[in-house]
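What follows are several structures.
Look at the two complexes coming up: chain A is in both, with chain B in one and chain C in the other.
Let's look at the complex of A and B:
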């Protein structure tokens, strides 16, 4: 492989990696905000995303909505469903025995229910493609080529992240979320409604996952297993430190670029195992991630 | 698990070993074998999650290591059944020890994710290490050798599988009642308090992790006595979740719960095999409902009343 091709691959890998990475970053963001505020690793995150893609597909193909109406309806639907899950299931689980293992298992249960439900509709097993609203065509940046769809994905993902960061950092609601993440009891003492704040976090997480789904769905084939992409989001969150929002975003881009470079330079088969190797390496050598700050010793 | 329950299990297993091969059809005996393998698997996961309170999501990987090791050592080295089973268990234990050393510094979600990543990476290895595992074509398992005789059917295998399972149940029940079992539970309840009464927390966790991997590997060895084929598809996260579901539904921390959960849920999973979408929905639904209304497991729920 001569240097010219290496350079070309590098450019293309980074450009495509930024696009897929932006979607991983969104999913990682949804994981991290839930983990930070409610201490739950949401194993149903991938299925939120999968269910969102199918809900949009059903709204368009079966109900006959145009895509500009279906997309927001779907985002709202998934966000509300995530909020309901918190309200109906997680609150009850926490009350029954509030250890985080039980909450995690409940999210695992939800992931299976959603997968089974999509499969039972009969549309889950044959891969389907999703219509794109963006016209075909591409632009060339340096020597890398990106389609209009790629640019739209990257732009929309960045816009959603910016909007969420604004909410999280600048509004009262966002401050309540951060407070709950720091110290639940103290947050409650100063008058924050814990249940409502946690529900809002789940609603945001659901909405963000739904946006990620509508962005990337036209590029991927839809199956009931498409939620498996969440392992890349977990890898991204871990690279970023799992409790850091900017970390999740940067981690998403790192994972996206790493995935594309592995695909170009090593082999497409190696892509499948790369995220797990990254998760293990980061956890073993730098478990606090890039943005997790210093390792904290928990005192009793 | 009380001595009385253990005796009942022993009587049941010995009775079934005598009666089942004579009375039941091959398929029923096959299900019996499979359920017993699930019992060993869930007792293994019970040690690490139920007793020691550490999350492990790599159980199917250790199970797979046991299956491939036992099958290959029987095929290539011609080892007899028990040696092959122990080889599977030991190699799985060794891998468990290595992963444990690396990841047991972490807790909760980090431990869950690192073991999850190891499990997925192992499934990838099973799928891509074609010269050894047969890769996506799967691997034909040679008949196990017991006292120089090949085991050729499910019916012939059942008494052996039942015998090994009985030994494992007795050992795990003994472990639960032993000082080591109490050390495990002390670590589960509070690492600080455990350390304060002189328990080496790190070593205790490692031991639980290694023992759990050993039992998963041994379950893999048991599987090779009656099965003729293994494919990496059945060694993924889904299998880990199935076993996790068994111990969660049965009651985390209870030996009887792990045993009962394995039997009941193994049957449910086998009955629902024809309708995978409903299988997933029912698994998921059961997990959610148990977590909501019986977080200590359905068997402990019955026992308390």
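Let's look at the complex of A and C:
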């Protein structure tokens, strides 16, 4: 392989990696905000994303909504559903037996319910494609080529991240979310309503997952199993330290770029290995994750 | 003087372990009441019941005659009760400034909050010096001062203090209690202080209760309790 091709592959791999990475980053962000504030690893994250894609599909194909109406309606729908899940299921599980493991198992249950629900509609078994609103065409950046859809995905994902970071760091609501993540008891003592704050976090996580789905859906085939992509979001979150929001975003981009570079330089069949190799490298050299800060021993 | 806080026959526990069995106490408006006792006597649980973090299984808590039954911890802060918890329960990764702002979470008056931050840095000048520093990087005494200031940012009528002397040097303990007494006088605060350090707590309070195994075993004016040698030997380890 001569240097010119290496250079070309590098540019294309990084450009395409930023696009897929931005979607992983959104899903990882949704995982991390829930984990930080509620100590729950949300195993239904992938199914939020899957259900969101199908809900958009149903609204467009069956209800006949135009996509500009279906997309926001679907994002709101999934966000509300996530909030209801916290309110109706998690709150009861926590009240009955407030151990984190039980809450995690509840999310696992939700993931099966959502998959079963999509299959029960009869549309979940055959892979479907999702219409794109972005016109065909591409631009060349350096020597890398990206489609308009790619650019729209990256731009929209970055905008959603920026909006969430602003809410999280600059508003009263965001301050309450950070406080609950840092010290639940202290948060209660300053008058923060834990239940409402956790519910809001789930609502944001649902909404962010739904946005990720609508962005990437036109590039993928929809199946009831498409939520498996969440493995990559977990990888991104672990690389970033699992409790760090910037870490989740950077982790998402690292995983996306690594996949694309491995696909170009090694083999497309090796792509699936890339995220796990990265996780191993991170766990060996910086076990707390890239943005995990100092290692802190915690009582469990 | 009317009672600001009343606890009537409070029972509470964690699972099957009963931590309080029938505690009754009164905190008069404008008064300083001390709640003393050994480790595990139920002092912190009492404060957590008042703050709405632990729900009592029996009995009632009233603030200015109004029952707090069924109110969540957020509603109780809004009603005028703030707690200064023990064990440095600060928001470590927030700046001193943000810790103060979040103390006023229940309030919406931006101008008043800004003014109260000035007032707090007046009482605790060290907080002004550390204003932009992450709270977790401060010393134990500074964190204790931040905790008191944070609780006051909610503009409480009643301040609950959980072991403010814990882990501090005698000099710092004296400093903290001087400020507490000044706050009581200048801000017309009513105080309920939980302490293991009986000598300090009895010196500043008007009235005291002694808890043992979740029950009130002695109560009386602080000066009387302080003079009772047998009581001190039996319950206060001094």
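Definition applied: the second predicted complex is superposed on the first by the 293 of 300 C-alpha atoms of A that agree within 3 Å, B and C clash if a C-alpha of one lies under 4 Å from a C-alpha of the other, contacts with A are read in each partner's own complex, and residues count from 1 in each chain.
We take it that a contact is a pair of C-beta atoms (placed from the backbone, for glycine too) under 8 Å apart; a residue touches a chain by one contact, two chains touch by 3 or more.
As the structure is a prediction and not an experimental result, all values here were calculated from the model.
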First (chain B), second (chain C), both or neither touched by A:261: neither
Which of chain B and chain C A:179 touches, first, second, both or neither: second
Chain B versus chain C as contact partner of A:104, first or second or both or neither: first
Partner chain in contact with A:229 - chain B first, chain C second, else both or neither: neither
Residues of chain A touched, compared between chain B and chain C (which is higher): B
Which of chain B and chain C A:32 touches, first, second, both or neither: neither
First, second, both or neither for A:276, with chain B first and chain C second: first
Touched partner set for A:191, first chain B, second chain C, both or neither: second
First, second, both or neither for A:284, with chain B first and chain C second: first
Partner chain in contact with A:92 - chain B first, chain C second, else both or neither: first
Touch list for chain A against partner chain C, complex: 172, 175-176, 178-179, 182-183, 185-186, 188-193
List of chain B residues in touch with chain A within their complex: 49, 55, 102-103, 105-106, 108-110, 112-114, 116-118, 120-121, 124, 128, 192, 241, 244, 248, 252, 276-288, 291-296
Touching residues on chain C, where the partner in the complex is chain A: 51-53, 72-74, 76-78, 82-83, 85, 89-94, 98, 101-103, 105-106, 150-151, 154
In the complex with chain B, residue positions of chain A that touch it: 35, 41, 89, 92-93, 96-97, 100-106, 108-117, 119-120, 124, 231, 234, 238, 242, 269, 272-273, 275-277, 279-280, 283-284, 287, 300
